[in-house]
Amino acid sequence: MNAPLTHKDFTTSQEVRWCPGCGDYAILRVVTKTLAEIGATRENTAFVSGIGCSSRFPYYVESYGFHTIHGRAPAVATGLKLTNPELDVWVVTGDGDGLSIGGNHLLHALRRNVDLNILLFNNEIYGLTKGQYSPTSRVGTRSPSSPGGSTDMPLVPGQFAIGAGSKFYARAIDTDKVGLGEVLKASHAHKGASMIEIYQNCIVYNDNVFGGFTDKENVKDSQIKLVHGEPMVFGAEQNKGLAFDIKTMAITVVDANKHADEILVHDETNKVIAQLLIGMPRPQFPVALGVIFHQPADPFDKTYYNNHVSGMKRTGNIKDVLRKTTTWKVD
Amino acid sequence: MNAPLTHKDFTTSQEVRWCPGCGDYAILRVVTKTLAEIGATRENTAFVSGIGCSSRFPYYVESYGFHTIHGRAPAVATGLKLTNPELDVWVVTGDGDGLSIGGNHLLHALRRNVDLNILLFNNEIYGLTKGQYSPTSRVGTRSPSSPGGSTDMPLVPGQFAIGAGSKFYARAIDTDKVGLGEVLKASHAHKGASMIEIYQNCIVYNDNVFGGFTDKENVKDSQIKLVHGEPMVFGAEQNKGLAFDIKTMAITVVDANKHADEILVHDETNKVIAQLLIGMPRPQFPVALGVIFHQPADPFDKTYYNNHVSGMKRTGNIKDVLRKTTTWKVD
Amino acid sequence: MTSKTELESVVIRLAGDSGDGMQLMGSQFVATTAKLGNDFATFPDYPAEIRAPVGTTFGVSAYQVNLGSVSITTAGDEPHVLVAFNPAALKVNLAIIAKGATILLNSDAFSSRNLTKAGYTEDPRTSGELDGYNVVEADIGRLTLEAVKELGLSKSDGGRCKNLWALGLLLWMFDRDIKMVSEWVSNKFAKKEVIRDANLAALQAGHIYGEASEISAYVTPIAVKAATFPPGEYRSIMGAEALALGLAAAAEKADRKMMFCGYPITPASALLHRLSQLGELGVGTFQAEDEIAAVCSAIGAAFGGAIGVTASSGPGIALKAEAIGLAVNTELPLIIVNAQRGGPSTGLPTKTEQSDLYQAVYGRNGDTPIPVVATRSPGDCFYVAIEAVRIALRHMTPVIILTDGYLQNAAEPWEIPDVDAIEPIATNDAPARDEDVERQQQAFTRNPDTGGRPWISPGTLDLMHRVGGIEKDIVTGHISYDGENHSAMSDLRANKVKSVADFIPLQELEMGETKGRLLVIGWGSTYGPIYQAVKAVRETGADVSYVHLTYIQPFCKNLGDIINGFDQVMVPEMNMGQLNTLLKDRFSIDPISVTQVTGQPFRISNLKKKITAALKAMQPGEAA
Amino acid sequence: MTSKTELESVVIRLAGDSGDGMQLMGSQFVATTAKLGNDFATFPDYPAEIRAPVGTTFGVSAYQVNLGSVSITTAGDEPHVLVAFNPAALKVNLAIIAKGATILLNSDAFSSRNLTKAGYTEDPRTSGELDGYNVVEADIGRLTLEAVKELGLSKSDGGRCKNLWALGLLLWMFDRDIKMVSEWVSNKFAKKEVIRDANLAALQAGHIYGEASEISAYVTPIAVKAATFPPGEYRSIMGAEALALGLAAAAEKADRKMMFCGYPITPASALLHRLSQLGELGVGTFQAEDEIAAVCSAIGAAFGGAIGVTASSGPGIALKAEAIGLAVNTELPLIIVNAQRGGPSTGLPTKTEQSDLYQAVYGRNGDTPIPVVATRSPGDCFYVAIEAVRIALRHMTPVIILTDGYLQNAAEPWEIPDVDAIEPIATNDAPARDEDVERQQQAFTRNPDTGGRPWISPGTLDLMHRVGGIEKDIVTGHISYDGENHSAMSDLRANKVKSVADFIPLQELEMGETKGRLLVIGWGSTYGPIYQAVKAVRETGADVSYVHLTYIQPFCKNLGDIINGFDQVMVPEMNMGQLNTLLKDRFSIDPISVTQVTGQPFRISNLKKKITAALKAMQPGEAA
């Protein structure tokens, strides 16, 4: 058993039960591959999920796994991580699971900065319950529960995460093996809560909703891959760049050749720019991918242990504690 | 009954049951006064609260009132407002009620932009349950549930609100009658979810936690009152100003006399600056008060009605609807 | 015309991949059946949760229908006809069909790959395991493609018409023409001409195939004559739809808006979907962020003067428990629908069960009684919904409606009710302002007979008041921490629920005499099988009667009297004995508990056995 | 030394504003009492929720103690001594004290303003309503200020020593010296010298006042001799503390970490507070964002190999119901403590009640049985906590502990247990890897006697597996939607809970014979009053026995046999009859249900009446 593990070692015997063509398959493949690449061990890895198509994930990863109840994965994972801080804990959740019913737990896991790698499979729809609109669905989404089109303003997961105080936010696309693999590794390396939003195509209920930037012909002009320390350029000829306009306090697209000096260099610790990158409207702007925001800070599980009188070890005994008060003897 | 109502008309017969010296009293007074000033009617006003000291509020306002359960006021208020869109609905919540157990409902009320005036009484503690630390308590808060000091990173309510997509966020201090009155009026005028964070002193469990900027001697140097269109100056001699440093992408304090041209003019629609103002660390910076962010947008209750086939009126009848399918007769 | 066999009733089961369109095929078959005047009952049997990979056993979706010229109350124990679209469908369903049944196989799906996927090591068509069945094969896939080939569709689009081809053949097998289905196809795809034409071509080809091909050598068309229904206007209805329409009808009868606040969950979502199409009836729907928000916004709506409704299944109802207590304490009308599914926890989300009765009756903190009613059949959902609203508005209380996954999706022919004949629903309207009484007190001055308080909503001039979850003074309605008052309020809440019994009808017997040896008591969707089982046993001359409960909390006033007239009581239910517990508590009796938790409805034959055995086991001397 | 009256037991009630320090005064009085060897029981009676304005009736805080040289099990029906710090305190408490009781009034608080605030139109000291009581007045406020005046405190700081002055006087009245309290004051304010000295001065002044002033003309010091306790080492203990220590002891006995995840709520918070001081025992506490997160993180902790514990009161337990079902389905050990309070909804948060029994036993979706145990007295909480953990770990199941607001805060003298004598708690440790069996299956290979599966936590080499809320195959532990398997798993879950009865002790009788006319069955914190009532009635020679339940689900195996030995059963409980329902269901009996929901413990005298009446009403011919 000393040979390095491969993605196959992280694959269970269970038949995968997603719709043919579902984006979840692609994500599963990249995740098991990444686990092997980062040298994870199966016994010290745990996947915790809620309920939804995406939340089936743990059944397919040969590690410890917990398919909990709808929306509660971050809470279960927090308890697990506090108990067992050496574990690598991954949370798998959907836009409904994590942002609708589970919004509060995600909020507080991010705020507390519990060292969890949180994978948000955003397909902008409730897959498992057959296609109702979700909190990330765009206004006007027609679904069984919004036959006339939804009117709720969607939540922007990245904005939510940063509003919650998250110190790590990255984005990737289900079928982009390289990009997804990279952010998975970065998230794993980050100590604290890291939130990865994965645009995942639900072929049955919301097919091609990300087509604007995932269709092959659009990719280069509609995606910008951020690399810390690198200038923000994109486009088929790498001829476009992102700049900051101080007057409007907004990001603009400039000609990368003419205005090379104005082009922003990606600094993942810059929260202001991160928020602007997250909020860039499509199709006027490309979608920002990669590690958008990352600010190291002590994770909750660490401060918790540091602050615990005995670091969760039993140093005293109940016999003594029972007597730490006035006692008297009767003979 | 045609004489304009006064704050007394908005006062109930119920004996007020807060601790002597609690900041809630001051807020109550300003709220009833403001209701009279804005010409609110008692029958078309409703106060909805959760559970907590602050959530006792509805009992003391002569209007319709609903003291619901812990954390759920925004949800109850949403149902009420959708049913009865002409009502002025005020939500009263605490930092525990609104941001701990009720975080999800607050999140979604703000996201959807339901036309509610949300008063968050932030005393950075759980008052009613006798002083445990809350999600806004600072790191190191000693409380019955954190005898060694809390280690959780606090949530910043303004950041949370903007992350949720809120279009209105303002701040005030319990005892600052004028400032509080102004933001109440602005919030009432805003159509959509408006979030007002009120720094409220809990004299029993967290006394003077805001002393850094509420103590008389500090007020001028530690508070900046924002007025849309006015430059951001503060200090005993109005000699300090806030500027934006493009290099660090941060706000800085400058000498208002020497660098008058650099001083930011408050534009409440500017989200980037709003977020920076919210996040200014104390005591290096003053605390920003007033309407910090405000971007008009259609409220949910409006788009909901616009999108409803009949605007929630009964235009058809069940007899016909029962027959909107294949039917057959048996004789 | 070929010769026909005439049958009184027949059970057909259609099975294929989730993507094969079994539910559509089934429901269109039923539409024709309905129009021809058969009685019927359907049972859609979905696969668990996710669309599984093609060809797997766990991806099989089935639709069962029982149609007859006689009265039909269940989807039938054992199908006489099975249509299997692939090996997996055959594998899963073979065990439950009747010996000698006709099996129509889509033979071109029986590739060795598909056989392996289904877990067959040998082809069942040749292995002998189909001996004794009447097996008919057709290359449905290929024949469909042939039928549509002139229309220029892609192979995959063309293949999607398979179910229509099979439907054509099925209609032929049951001696029906394709007119109704053709019309439906033409309407549905009015804007997509090619698709429309392809479906029509497939349908026709399948129908003609029956007539023309050698298939008629093996299968004789089966004719099932029209059933005798009382005169009236009929339609087909599913439980979820009936519930939605019943709620909307209640709103109309009460002349109030209705606000439905829900969060999707299987199998309750259908109600949200259907109600969100009923805007013209003054019905609003709100998809909340979770179940707690759903019930709370429904409570907010009720405070605002609309009939607040929320729905979920067990796990979601669990989340609503705290807020339901709030509705009890604030005395607001609220309807909570529980479409039960297999538990505990996530359990068996797509299977049916009746195991949330404890939760409905007891599942709250404190002494927090709530009226509970249950639906027995798809059409019954309409009436129970109205009754629930009536109780909620009369007594100003939340009311729980128990339905289940089976009923949500099952369909039956249903006489469209005469809406005018339904009594209007009275509301406790806001009183006039009485200057001698505090406003708060006016809002809590209850009707002594019903315990109902006035329903005063914001916007009402000069009757402002405050409500909340803390105990209230029984007279003034203000907060009260007084012990004696709490005791009085506890009685008031208990009596309010008890008083419901003063207004509802007396319990009727479904069948049998009011006194005798054995009384079977059922509730909910088990109505169909229990009815048939009791009927069958009675036909042997046995002394057994049958009561089926709509009102579970409180029970009808005379239920105790009925029970006392029998030597023994039997309680069949799809749980581990929950109604049984309730009956023991309320009537100090010791019934025979018959339980089944397999996620499937009872089989008539099993119940018959239980009843017969019980009668046998009773001492002859024990007669009443 | 003045003369003394000797009493066997005496009930004292201290009442004043929330800010007057009644709880502190009471607990210090009790500390002295304990040390002197009296038996005692206390009942802190807090005002509702918020600190109310000074002088109002709803702001009155009280502390009652019953001390005796005889065995004491309740805080007493009717106080013999009332200390009233203001008119409101007098007003609220007058109705419940014994006729002829001694009332010590703080007379300088009887200003006309305070009288009005308390709702008096006339001064009760002169209106005649105190006739028949032994009223003693002292200007406590003024005398306190005088006592501390040399220390230079502000008037308000000085005034805060009032309770110490009164305590001094009270100690004199009960013939106790001030030594222990002095030591406590010196310790507590070691760093605040002025405050320390002021409190000491006040204490002494009050004590001396008794001796010196003319008060001794009206009051004779009362001596209550030491009670006879079995030999041992004793301490005073409150219920919440005993529960916390019991949980920590269980973790030690099982040699596991404990993770307590909670969310504050009255009256359960005390457990969170106390456990957060027990870090040295390997106990972690986590204050979650809400109750759902609390139970879920406790479940996560249990999955991680720690004993997961969560606690709340009714409304919070309601929120946990869905997740408790998850713990059942995943077969993880989890302790859920419910410190019950008055319901429904927010109800009466600071008052005690036993109305969450239904919720504990039935309050979940699906057939989801869970063991339920209940605590009867402060010290008993320690043992019940250990027992609950033992059950959870043996059977791999969540266990609910029912306690209540009264027990959380009540104190009694308690023999410190010999921890070594407590049997270690066995855990279902991870097995060795068996290559012939799938890993998943190893995690679900259950002990046939207990139903417990191995507790395998992440980090364990080569035993990786997945758990979840969907139904599992009974053998392999993989997801299964099979109906027969679900049925088998439903039986397994039911049998697991039933099997608890094979391991717990048999039910003991508290008092009386195993056969007879009347059996009283109690549970929870009503132990004290029922015990005394049955004892008193038995002393009249009546045929009544008493059983008090710790194990509620399942009941002890022999409970049915015991019940069958009696003609009639009586069930007193502080709810509307919940245990009664359970007993009817399980034993098909029809007990007399004695209920009380006033937010206060039972009075012995009331129970005595009920028992006597029941015995009288029984036909003499009905003897067993």
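Chains: A, B, C and D, in written order; residue numbering restarts at 1 for each.
We take it that a contact is a pair of C-beta atoms (placed from the backbone, for glycine too) under 8 Å apart; a residue touches a chain by one contact, two chains touch by 3 or more.
What you are looking at is a predicted structure, and each value in this text was computed from that prediction instead of being measured.
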- [ ] Name the chain whose C-alpha centroid is farthest from the C-alpha centroid of chain B.
- [x] C
- [ ] Check A-C against A-D and say which one is joined by more contacting C-beta pairs.
- [x] A-D
Open item on the list: With centres defined as the mean C-alpha position, give me the chain A-chain C separation in Å.
Closed with: 39
Task: Distance between chain centroids, defined by C-alpha means - chain B, chain C (Å) - done: 44
- [ ] Take the average of all CA coordinates in chain A, do the same for chain B, and state the distance between these two points in whole angstrom.
- [x] 29
- [ ] Would you give the residues of chain B that are in contact with at least 2 other chains, written as numbers and ranges?
- [x] 51, 69, 100-101, 103-104, 107-108, 135, 148, 152, 304, 308-309
- [ ] Would you please write down the residue numbers of chain D that are in contact with two or more other chains?
- [x] 58, 279, 289-290, 292, 315, 322, 325-326, 330, 345-346, 468-470
Open item on the list: For a test of understanding, state which residues of chain B touch chain A in their complex under the given definition.
Closed with: 100-104, 107-108, 111-113, 135, 148-149, 151-156, 159-165, 244, 246, 249-250, 270, 272-273, 275-276, 297, 300, 303-304, 306-309
TODO: Quick one: which bits of chain A touch chain D in the complex? Just the residue numbers, please.
DONE: 12-14, 42-46, 48, 51, 58-59, 62-69, 72, 75-84, 86-87, 104-105, 107-108, 304, 308-310, 312-319, 321-323, 325-331
Task: chain D contact footprint on chain C (complex, rising order) - done: 48, 58, 292, 313-319, 321-322, 325-326, 328-330, 342-351, 353, 355-356, 358-359, 361-368, 468-471, 481, 483-484, 486-487, 490, 493-494, 575-576, 578, 581, 584-585, 588-590, 596-600
- [ ] Report the residues of chain A in contact with chain C in the complex, numbered from low to high.
- [x] 15-20, 51, 53, 56, 69-71, 100-101, 103, 126-130, 132-133, 135, 144-148, 152, 204
- [ ] Provide the residue numbers of chain D that touch chain A in the complex, in ascending order.
- [x] 31, 34-35, 37, 180, 229-236, 245, 248-249, 251-252, 257, 259, 261, 278-282, 284, 286, 288-290, 292-294, 296-306, 308, 322-323, 325-326, 330, 416-417, 419-420, 438, 457-470, 478-479
